[in-house]
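There are two complexes below, and they share chain A, which is joined by chain B in the first and by chain C in the second.
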Partner chain A sequence: MKTITFDVKKRNQIALEMDEVIPDKIYSWEAEDFDKYAVPVGNSRFPITDFFDITVEGTADSPAEVKMIFNGDCGRVKYIGNKMSAGEIIVNGDADLHVGAEMSGGAITVHGNCEAHAGREMTGGTLEIFGNTKEFTGASYIGEWRGMRGGKITVHGNAGKQCGECLVGGHIHVKGDCDILAGIHMRKGLIEIDGNVNRWPGGQMKNGNIIIRGRLGRLLEGFVEEEIVTNPVINGIEFDGTFIKYKGDIALKGKGHLYIDAEKNRDKLSAWEDEDDEYISLGDNRLR
Partner chain B sequence: MEYILKNGIVYDPANEIKGEKKDVCFKDGKIVEDVSAAAKEIDVTDKIVMPAGVDTHAHVAGPKLVLGRLYRPEDSRRGVTQKTKNERGESGFSIPSCPTTGYRYSRMGYGTVCEAAMPPLEAKHTHEEICIIPNIDINPLTLFGNNWFILEMARENKIDEMAAFISAWLKITKGYGVKIVNPCGSEAWGWGMNVHGYDDKPPYFDVTSREVVRALAKANEKLGLPHSIHIHPNDLGHPGNTNTTIETLDSLKDIVKSNSKAASVRDQIVHCTHMQFHSYTGTNWRDAGSGAEEVAKFLNHNKHVTGDIGQVTLDETTTMTADAPMEYDLYQLSGLKWVNADIECETAAGIIPCIYSPKTPVSTLQWAIGLELFLLTKDPWQINLTTDHPNAGPFTRYPRIISWLMSAPKRISMIENGEVHNWAEKRTSLATLDREYDFYDIATITRASNARVHGFTDRGNLSVGSNADIAVYDLEPNNFDPSKDPEAVEKAFSRAKYTIKDGQIMVQDGEIVSTKPSQVLWTNVKGIEDQEKAVLDQVMPFFTQYYSVKWENYKVHDHFLSNPIRVDVEMEGK
Partner chain C sequence: MSYEPPITDYDEIVENCTCAFCGCNCDDLDYLVKDGHVVAVRHACRLGASKIMEDMDQRLIVPMVRGANGELEEVDWDTALDTAAEYIAKSVRPVFYGWSETSTECMKEGIELGEYIGAVLDNQATICHGPSLQAVQNAGYPIQTLGEVKNRADMIVYSGSNAMNSHPRHMGRYSVFPRGYFRQRGRFDRTVVTMDPKFSDTAKMSDKWIGFEQNGDYGFYNAIRAVLKGKKLTQNVVSGIPAEDIYELVEEMKNAEFGVLFFGLGLTHTLSKQRNIDIAIKMVMDLNRFSKWGLTPMRGHFNVNGFNIFMAYETGFAFGVDFSRGYTRYMLGETNTIDLLVRKEPDCFLVIAADPGAHFPNGANQHLADIPVIQIDIHWGPSTELADVVLPGSFIGVECAGTSYRMDGVPIYMKKAIDKPETCRDDEWIVRELKERVMKLREEPNVAPKYVPNPAAE
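And then the complex of A and B:
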């Protein structure tokens, strides 16, 4: 097992691009290799040792045996764990754009906040963020129509706009709140939101599942109520509680499902005007 | 500065040099017979030496490229490199940035590229982009096939006026030749329609595609332009379009080729572009099949036609064309993001990403048809290697196509090992074709024939006095069997050992070592000035009333041009 520690010396004004410093590429590197390495910064390269104190302990024969630890503010360090396939990265601080982007395996843990595009287009592995994330968590690259395909992202804080955009697989779990358009254009996979959602989840979704345990601000017109479900099992996971199940986005003949907590969103029920405590009349009313 | 390339194995089809070991000398940017003892010697012993490549048909500059880059940022992130001492940073795969386009052509040993569709209204923009593409010369073809003035003149069969109009518009737009895209179809698209077949009419213009194409061909020959009409026929990409393609080409065989000096270089009356997209049988994609045999047979019997293939490369790419209704059809099929544009009174355009997956039947069928056309056409001088960049794939895949053409076992293994869908075997004859191109054939379809098709005499050959545009590839043809090692062929043609442009070494061992500004080639017809003035007087009231730009802002002024090469043409009979 090899542990490589990067202690941040200073927060650079221009972002560093760390896509070349991932377990797959540096598992055999020793301290002197880092001394020779120049990291891309804007349109130039500078010695990585200008920005980090780097210590290397142990040896590794494969990327899976590498543990990278970033200590300090990495708020201007982009592409941490970009395209990694194995190994572990721990960031004790904030991370900049594209953390875990296109990763296919291994684990990344961020004990801070992440900028946009966390877990972008990842196909495997796990990304756990203990702070908040900004826009496009687990989404596609700008203009691309295929987002996250596999693996799991867990955000313990809140997620920004368009979380899970163009999702085609995998599982995103946001334990806090979520901003607008979560799961827009999604085609497969699962987005689980424990907190409240601003508005318009699942816009133009073709398939997949979104489950919201908190309060939903506003639902798009392209979703139709199907039924009330209790303890639904989605993608092999059982979710406790009673949910209103919608199908959508019918504007695109979508067959996706959106589950929202029935208790916290009673005003969304079509039977709301008639019923107080029970949802039994929903089946009769849903086609109105 | 004098140079001598020593002991290379030279392939120069224009001079019928077929793999001879000899020296090539150049001085001050031109090929010369001999050089002095002070000449710098470059040892290329036993390596392949060819004229630099000439691309007959590609889309490398213009508004649709910019639109494509803007709406496909996901493409721009592919192929990103940092700047070096000699290069700016690169970006893009199917729609590379302008500098990247120049560098990548240079790396493959190319020196000249035809920008195949320049809308007159956007000509300034096209030339501005050409200005920032380094290392290659570019000849843009001006779009005429749906121009309202042309449609009117064709309807009234005013060939003389049309010739004057073309001449004037080539001067105004600084264009090299006449491009026709889906004649009448792009105009019909302005009304949400298309034309189907060769004798259909667009709304409000009582004229058929046949009349427009024939009139343009006659006007082209009347002017004696160096290039023939360059046509993208009707019904592109539609199953069953083989008939339309053959009907279009057959309708032009009675047209008499010009005797002008410029036109005498070429053999053809018509150049049919991306023939693969026009060689389908069937009635829909379920029963679609290959029309390659029929089209190739037609080519083999009709020397008035040349064509380029538009070979599908089985990549994810971006399609962009002035055939806007076809792009709408593609959008209906794929549902991917789509751009549609109208160029007032002149043409239209559409853009949509396209994934040519080897696992899908239609993409595989297209791939196989392209290769069939290459292999069934007997005379390599009649066909050129293109991918209709970026429509069927990026130009950077030319080396891969070369490797497919040179290795039958490679093609067979792709079919037998399931690398491509079984439609290649079931619906085409590709698996039965064992023809293999040799290096002489490759030199013909990538430089010699291409140059002749465009009427170039100063490039595409290694004749004394020609431009010193030379490519050297790191293969020893006398000790190498391309059939057995297609990967080595692809690698060698992807990274030229040397690319020399106008006597300047641009690439060495696959790396850019120097750059030079591009040059634009445009055609200037002499002896028709009075007729041009008359036709301008005639069209100006309409132009002033309906165009949203002023005439003064429409013309491409000289300062928009990148080191222009003016090709003067004496009009026939003058």
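And then the complex of A and C:
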């Protein structure tokens, strides 16, 4: 087992791009290899040792035997764990854009907040974020219709807009609130949201499941109420509680399912006749 | 509006000029020229005419460099270009922003400079129709030319766009009023619908106003799509619009012979951003099962579309193109000018034919005040106050010729009508000079940021 520790010396204003520093590429590197390595910064490269104190302990014969630990504020360190297939990365601080994007295996844990694009198009592995994330968590890149395809993303804080956009597999669990259009265009997989959702989850979804335990601001017209279910089992996981089950998005002949907590969203029931449809304003739900 | 007598005192008329204001690119203008200045413009709208008859009081005439005392000082062209080239050559994260009010020929020089130095090239789409371009990348582009609209369209929908104010000749020249081959009676052969939370001037000219609530666009379009698929609406009111009005509108849209949706920033910059356009495109695709429909973004500057078309052709991405790693990249939130500035990443900013000082949010402008800013423009503006080097360019379509792209993607050659001021230079020449000087500087040691070979790539 090899442990590589990156202690942040200084927060660079221009973001460092760490897509070349992933277990798959550096499992055989020793301290002197890092001394020679220059990290992309803007249109140039600078020695990585300008930004980190790097300690290498142990040896590894494969990426799976590598554990990378980032200590300090990595709020200007992009692409941490980008395209990694094995190994473990722990970030003790904030992380910048594209954490775990396109990863296919291994585990990333961020003990802080993440910028946008976390876990985009990931196909496997686990990404756990103890803070908030911004837009496009587990989503697809622009021009691509397939977002996250496998693995699991857990966000202990809030998630920004379009979380799980174009999801075609895997499991996203947001323990806080979620902004608009969670699961837009999704075709498979599961999005689980413990907190409130601003509006329009599952827009144009074709299949897959979204489960919301909190209050939903607004539902799209393309969702049809099917039934009230108790303790539903979705993708082999049992969810405690009573939920209103919708099918949608009908505007796309979708066969996806949206479950929202029945007690907290009583006004959404077709039998509900109170016209005072208060919804969560963006201001209440704005992140960070 | 007071009466203005027609201009009769002029030396010559330059016919068939192209307007250098909005994305309509009206190419039927006549300039009345006296003593080397345009004194009147025929056929143009008031916006276009007022821009073409430029105010020489605000004209940037000579190159300037900000001196040690913090004031802009007049210098010769060599000094200004050398100073600007030095800023660019030493930069690690340069951003070249603007380009929408200059010629495509100038962009060609800019892209070479940007690729050489590893810059981010971005244009005004980043604060206007960027979401449209992102949606087009995902969902396609069911567009038609404005000529087809004029000759064929019998239903015109403006969504989130107030054409009467922003593109004053759009309705008169292309969409609503002109008599076309299949629309011989002009306005009487067309149904006009405006979808806008505000009862705008365009709505006043329309047959129908759909005043959905702010940020309600996505829900409203979703309801239209649901009805198009034959679904009965369950909510009595969707985004502030009664369900029966939505049924009626959908029926009209299905029965149109040729419908066109023109959309503006009211659609691109509400809550759902690119997903608004995405669903609008999908709605147009649904409508094409019943009739012929297309859509066109109401582009603002006369060549903002040109930059996007040119960049997409050359690099594969329409805007926010990052050359920093030696190949092209684009990522929303990462390589767009506003995001970069708010993150305080750029260390050199070239602004050409744009005014970020007037249009950018405060956080972005704060960073501009901290870094070297090079301005290539014809008018003094808020960006000049932020600029460290000012390079006076020339007015495309009036003082020099060039190519621009209309909002529907039709290229139009803009001809020269008058000579530029003696001390000004063509934008194309300025960018070419900058490129050559930057290349020369980068060849010298200790100018460029120190490059360290990368063992991982070897």
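The rule is short, and it goes like this: the second predicted complex is superposed on the first by the 273 of 288 C-alpha atoms of A that agree within 3 Å, B and C clash if a C-alpha of one lies under 4 Å from a C-alpha of the other, contacts with A are read in each partner's own complex, and residues count from 1 in each chain.
We adopt the following convention: a contact is a pair of C-beta atoms (placed from the backbone, for glycine too) under 8 Å apart; a residue touches a chain by one contact, two chains touch by 3 or more.
Keep in mind that what you see is a predicted model, and the values were worked out from it rather than measured.
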Side-by-side fit of chain B and chain C on chain A, or clash: clash
Greater chain A contact set [chain C / chain B]: C
After superposition on the shared chain, which partner residues are touched by A:I180: those of chain B (first), chain C (second), both, or neither? second
With the two complexes superposed on chain A, say which partner A:V224 touches: chain B (first), chain C (second), both, or neither. second
Looking at A:W145, would you say it contacts chain B, chain C, both, or neither? Reply first, second, both or neither. both
Which of chain B and chain C A:R45 touches, first, second, both or neither: both
Residues on chain A touched by both chain B and chain C 40, 43, 45, 141-143, 145
Enumerate the contact residues on chain C facing chain A in the complex. 91-94, 117-119, 134, 137-138, 215, 218-219, 222-223, 225-226, 228-229, 231, 233-235, 238, 271-272, 274-275, 278-279, 282, 323-325, 330-334, 343-345, 347, 448-457
Contact set on chain B toward chain A in their complex: 71-75, 77, 82-83, 89, 336-337
How about chain A: which of its residues touch chain B in the complex? 40, 43, 45, 140-145
Which bits of chain A are touching chain C when the two form their complex? 13-15, 17, 20, 25-26, 33, 36-38, 40-47, 76, 78, 97, 115-117, 134-136, 141-143, 145, 162, 180-181, 184, 199-200, 203-204, 218, 220-222, 224-225, 249-253, 270, 282
